[in-house]
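What follows is a set of structures to go through.
There are two complexes below, and they share chain A, which is joined by chain B in the first and by chain C in the second.
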Partner chain A sequence: MTTLNDQFQAEVFQNEFLPAGTGEVHAIMTVSAGEDVTAAARERLFGIICDSSGSMDGGKIVAAKAAISKLISMLPADCHFFLVTGSDEARLICQVARATPENKQRALTAIRDIHATGGTRISNWLHTAWQQFRSMPNAVRQALLLTDGQNDASDEHPLQEALQHCEGVFQCDCRGVGTDWKVAQLRTIAAKLLGTTDIIPTPAQIEADFQGILQKALGKSVIDVVLRLWTPQGAKVKFCKEVSPEIVDLTGRAREVKPQLREYPTGAWGKGESRDFHFCIELPPGAIGDEVLAGRASLVYSSQGVETKVAEARILAVWTDDDGKSTKINRMVAHYTGQTELAQSIQEGLDARAKGDEEKATALLGKAVKIAASSGNEATAKLLRQVVDVVDADKGTVRLKQSVSKEDSMALETRSTKTARIARNS
Partner chain B sequence: MNAYPCPKGHNSIESDYCSECGAKIPAVSGAVSQLSQPDQPIEAQASSSSSATDLCPVCGALREIAGLAFCEICGWDFANGPAIGTAVASVSASDSVAGTTPAMAPEGLPANSTAEPNSNWTVTIEVDLLLRQQSSPFPLTGIVPLTLPLNQPVSLIGRRSEARAVFPEIALAYDDAVSHRHALLQIDGNGALLLRDIGSSNGTRLNGQETTPMQDYPLHDGDQITLGHFTRISVKAIR
Partner chain C sequence: MMCPACVAEMPDEDLFCENCGLKLGDSASEVPLVGCVCGAAIGETDEDGFCLRCGRREHRAVSADAVRQSQPSDHIELALSLHFAAVSDRGRKHARNEDRFGILEAKGMRAMVVCDGVSTSTNAEVASTAVSEGVMESLAGALRSSDTAFPLDAANAVRQSIIAGAARLTAQASSPEDENPPSTTVVSALVSNEAVTVGWLGDSRAYWIDLPEPPGNAVALPLTRDHSWLNSVVGSGEMTPEVAAKSPQAHAITRWIGADAGDEVELGKIDIVRHPLPAMGGILLLCTDGLWNYFSTPEAMAGIVRDASRNGEDALSIGRQLVNLANRRGGHDNITAAVLRIEQIKLTHSPESGHAVRED
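Here is the complex of A and B:
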């Protein structure tokens, strides 16, 4: 373990011993931001992007307007905010302004005039938000996107382009109201913009959820943190995933700094925040007794164009002919491999159920129940029980429930990527 | 400078494992990590670990070949660059090094300011589709805005060309209406930033106004330079 700065700590968990002839190294890196991660007078910009398409009409838009009003009134005076509503086009209701009582009042007045009408073209909403966020590049930049429906099919390509554009400019948490939205669609947006996805089953719950998002955003103090991974000559990164608090595959997000060195965006970090990453690196096989560094992972953050390395950890590989050493699987690696399998089983299981393949769905969801039970992921186990009747959790024997509410099924799907942490010293 | 011989023959910039092949470097008598400390004032307080000492202080990239004068990634001048303090550079060290390049030393900065950049200017380069003419091609997707500190007295804006040996500091490969050698950003002795179009084919606009080639224009915080099909460069002054 290496600590380069008191603010962040990185630690690697792995079994460095490999049998001869192999080269696949797995390692979990845990990174924790210290309690005293500070940012002197860090500015914050909080953007609200709210669906105002026709489908929001009625209770949803009323609840959303009330929740947004509450949210704006709660903003601390030293932060900035803006509000965009979107249908086919985006409307900038309030442009970037400091959250002074006067500006808040002006926003609250403007919110009253929001009406729900038109279609859903999220690319336009993101583009408008992008213009606002661009004005404060050194602030903590967090958006909240609320929608209740699917994006217009013809907006698929523009949305991808808009996401490319927005990546790195701001982070965005996505919330779906009701059950008419697509989990995969919102997850794509949230993953690209380093945010979370969740379901708000009923409009009445919007307010509480918004408050949570705001509190989290206000807790961020270090922005634009990247994870750099150096690997030796001839090595290949098979994958790099964030595995806690949520599973996010970062493999495709790598930006090559130069050969052997690539970086992955991790966004903003708050005080005391902790995340775990899973690396899989393929090395050219070594000879018995060889010891090499398979990877050097570091966390780097930028402030006003100057980058600072805050934590570093080393991933090793040692070749041995002692099977007792090389066949052991590190507990952390095993745990998160299991959590990844859990999320995958749930997603594939729900997919099979939707397609009417009950046998496959039962097998996969049964496997999910088993992993959730054995890994202590009580939150996911509870969600699973809404969808299946558990006969024997340890064996993974389940029966599909005949009638499952759409909310429960979507809640399971959206939250399936949340992982449980392993107790360190158990 | 600090090269550690790797058992496979590489010159490693890291003391623990080879920075090329990852092989373990045999321990030299005593604490190897101490060796690299004295001549690295930039890292004065950043770390007690040797691994931090051969990173570029500007971009954080590993220093590929020990003794190389400039960072391969950002062009940082290892030998003569003013100390910018990765996190908290000691004041005395940064003063002595900064003194060698007065033109680039930040003026009026409090001595204890943390993470101070080595110049007062940064530029943000981005694709602005609103600049695009009807006849222009569409830019590649996935080009995200890039902010660069201006570390050098002179930064060339242009497009890289191996054949013509043009290696711009601000390389705009994706915009083919930018000339290979297009314009210069220069920091003068007073720390002011000047823009000069050096006879580009398609011209350079400053805040929407066409500039006259070979004439220097002083830049200010918030100035917008637009060129090529759709490239926008925003100037930012750091106080």
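Here is the complex of A and C:
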């Protein structure tokens, strides 16, 4: 375990022993931000991006307006905020302002005039938000995007460009209200902007959800943290994933700093926050007895041009001819490999069900039930029970429910990537 | 001053880094600095000794601390005087040091032995330890029992010492089913006022290095001829040296001491050579292949020794320099150097014997 400045702790779990002729190394790194993680007088900018397209008309926009009003009224006075509504175009309802009572009142008045009309071109919303966030580059920069529908098909390419633009400028949690939105679409946005995706099944639940997002954002204190991974010459990073609290594949997000050194964005961290990462590194096979550093992973943040390394951990490889050593799979690695399989089984199972392939859906969702039960992922097991009748959880025997509400199916799909942690001392 | 290779702090006047052996103040050193098998330089490691390029952990960090923490045999130094010393080192790649040496001074004569445990045999250091101890004990007895009435038969004493070394190894019975019983090379020398007598089995070598006055080219005369596959096929005319040198078994030894060597036959093959001491003096060097392999010619090695000697460095310092250099060039094997410096004959006459005497 490495403690660099008492703020973060990193620990690696792996079986470093490899049999001859192989070179694939798996390791889980757990990182915890200490309770002492604080940044003195850190500025915060909270941006609200709300869908105001025609489909929101009625109960949704009424509930959204109420929830946003409540949210703004709850903002601490030392916080900054802005509000953008979007349809085909974006409208800047309130530009960046400190959350003083006067500015809040001005915002609440402006919110009353929001009406739902027009289409959905999210690229324009993000672009407007981007301009606002750029004004406070040193603040904790968190956005909340609420939508109820699908992005206009012709906006696909502009949306990708906008995301490219916004990456690293702000983080964004995405929420879909109702059941007419596409999970994959919102997940793409949230993943690129290091945020979460979730479903708000009914408008009445918007307010509670928004407050949760705000509380989390206010707890962030170290921003723009990157995961830096050194690997030896000739090594290949097969994947790098965040696996807890949620599965996020970071492999494609690597920025090569220089040969052998890559950085993956992890965004802002709050005090007491824990995340686990799974690395898979392919090394050229070594000789029996060779001991090689397969990777050195560290968390680094920069503040005013000064880099601070807050945690570091090593990934090793030792070649052995002792099968007893090399065939053991580390418990932590096995657990998260299982959680990844769980998420995949759910996504593919729901997909098969939607396409009418009941046999495949039953097999995959049954497998998911089994993994969820054996790994203690009760939250996912509960969601699965809305979709299948469990006959025998340990064996993975299930029957597809004949009628499943769309919101239950979407909730399962959205939350399938949420993982359970392994009980440390069992 | 900081050593550019290992970043150890050194007194400004030092010519060589005490820690890694780098020649200081000469960054354009001809010596390639290799710290890892992947070609990374010395010092290109993190604090735990992992290579910053290939990630491989160095089996040994070349630092004084590491030496202190490691096996006592990993680095051995012994100096009997400013003129007579030996250094043995594990090198940078082997897990342990299986070289052994012995040096001894008695009755105005000196005895030396260097053994290189054969690394393909099991517990090779058992063989090198037993043989070097047996050789030294035998030579010490020979020196003690000699006097003017019974002058020493140097050639016989050297041969008997190697036989005694082999007998000591045999006494330490290894298990009969051992396919690779402990085995070792040996080179043993007896130095009187008149001559050097050297006996050997295998590829550990003895060199005589002239130190001409006034200074001229350093000349290193190999006193031994390796019992190696290369010399064997070249000697029999089967191959030219150029062709033979390319063979992977070029350096394989053809004679050694060990249970699998067949004592009598092999001991009958002990080669003995006598080299009269030149009046101008010089240096006798006994070494293992971990040293001589890192010098393209005997002259290259002689040059280092001559320069060090001319700088007034003592025998221990010369031995250390040779070992450090082999380490810097890769240190792929254990490295041992035993150094005896013999001064020029002073043309004074001793009243008792009437012989010219050497003062050293």
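The definition used in the following text is that the second predicted complex is superposed on the first by the 426 of 426 C-alpha atoms of A that agree within 3 Å, B and C clash if a C-alpha of one lies under 4 Å from a C-alpha of the other, contacts with A are read in each partner's own complex, and residues count from 1 in each chain.
Simple rule for what comes next: contacts are C-beta pairs under 8 Å (C-beta built on N, C-alpha and C of every residue); 3 or more make two chains touch, one makes a residue touch a chain.
Quantities reported herein were computed from a predicted structural model and do not represent experimental measurements.
Asks: Will chain C clash with chain B on chain A after the two structures are superposed, or do they fit?
Replies: They clash.
Asks: Who does A:Leu293 touch here: chain B (first), chain C (second), both, or neither?
Replies: both
Asks: Looking only at contacts as defined up top, I'd like to know whether chain B or chain C touches more of chain A.
Replies: Counting contacted residues of chain A, the larger count belongs to B.
Asks: Is A:Arg228 contacted by the first partner chain B, the second partner chain C, both or neither?
Replies: first
Asks: Quick check on the superposed pair: does A:Ser154 touch chain B, chain C, both, or neither? Answer first, second, both or neither.
Replies: In the superposition, A:Ser154 contacts neither chain B nor chain C.
Asks: Examine A:Ser403 and indicate which partner it touches, taking first as chain B and second as chain C; both and neither are also allowed.
Replies: Neither: A:Ser403 stays clear of chain B and chain C.
Asks: Stretches 45-53, 153-161 or 279-287 of chain C: which one clashes with chain B?
Replies: The segment of chain C occupying space taken by chain B is 45-53.
Asks: Take the contacts of chain A with chain B and those with chain C, and give the residues found in both.
Replies: 231-235, 283, 290-294, 296, 317
Asks: Applying the document's contact rule, which stretches of chain A touch chain B when the two form their complex?
Replies: Residues in contact with chain B: 2, 4-5, 40, 134, 137, 160-161, 164-165, 167-169, 228, 230-235, 257-258, 261, 283, 290-294, 296, 298, 300, 303-309, 312, 314, 317.
Asks: In the complex, go through chain B and note every residue touching chain A.
Replies: 14, 16-24, 46-47, 49, 51-52, 55, 57-62, 64, 72-73, 84, 86-87, 114-117, 122, 124, 141-145, 147-149, 238
Asks: Would you tell me which residues of chain A are touching chain C in their complex?
Replies: Per the stated touch rule, the residues are 231-235, 260, 283, 286, 290-294, 296, 317.
Asks: How about chain C: which of its residues touch chain A in the complex?
Replies: Residue positions touching the partner: 38, 46, 50-51, 53-57.
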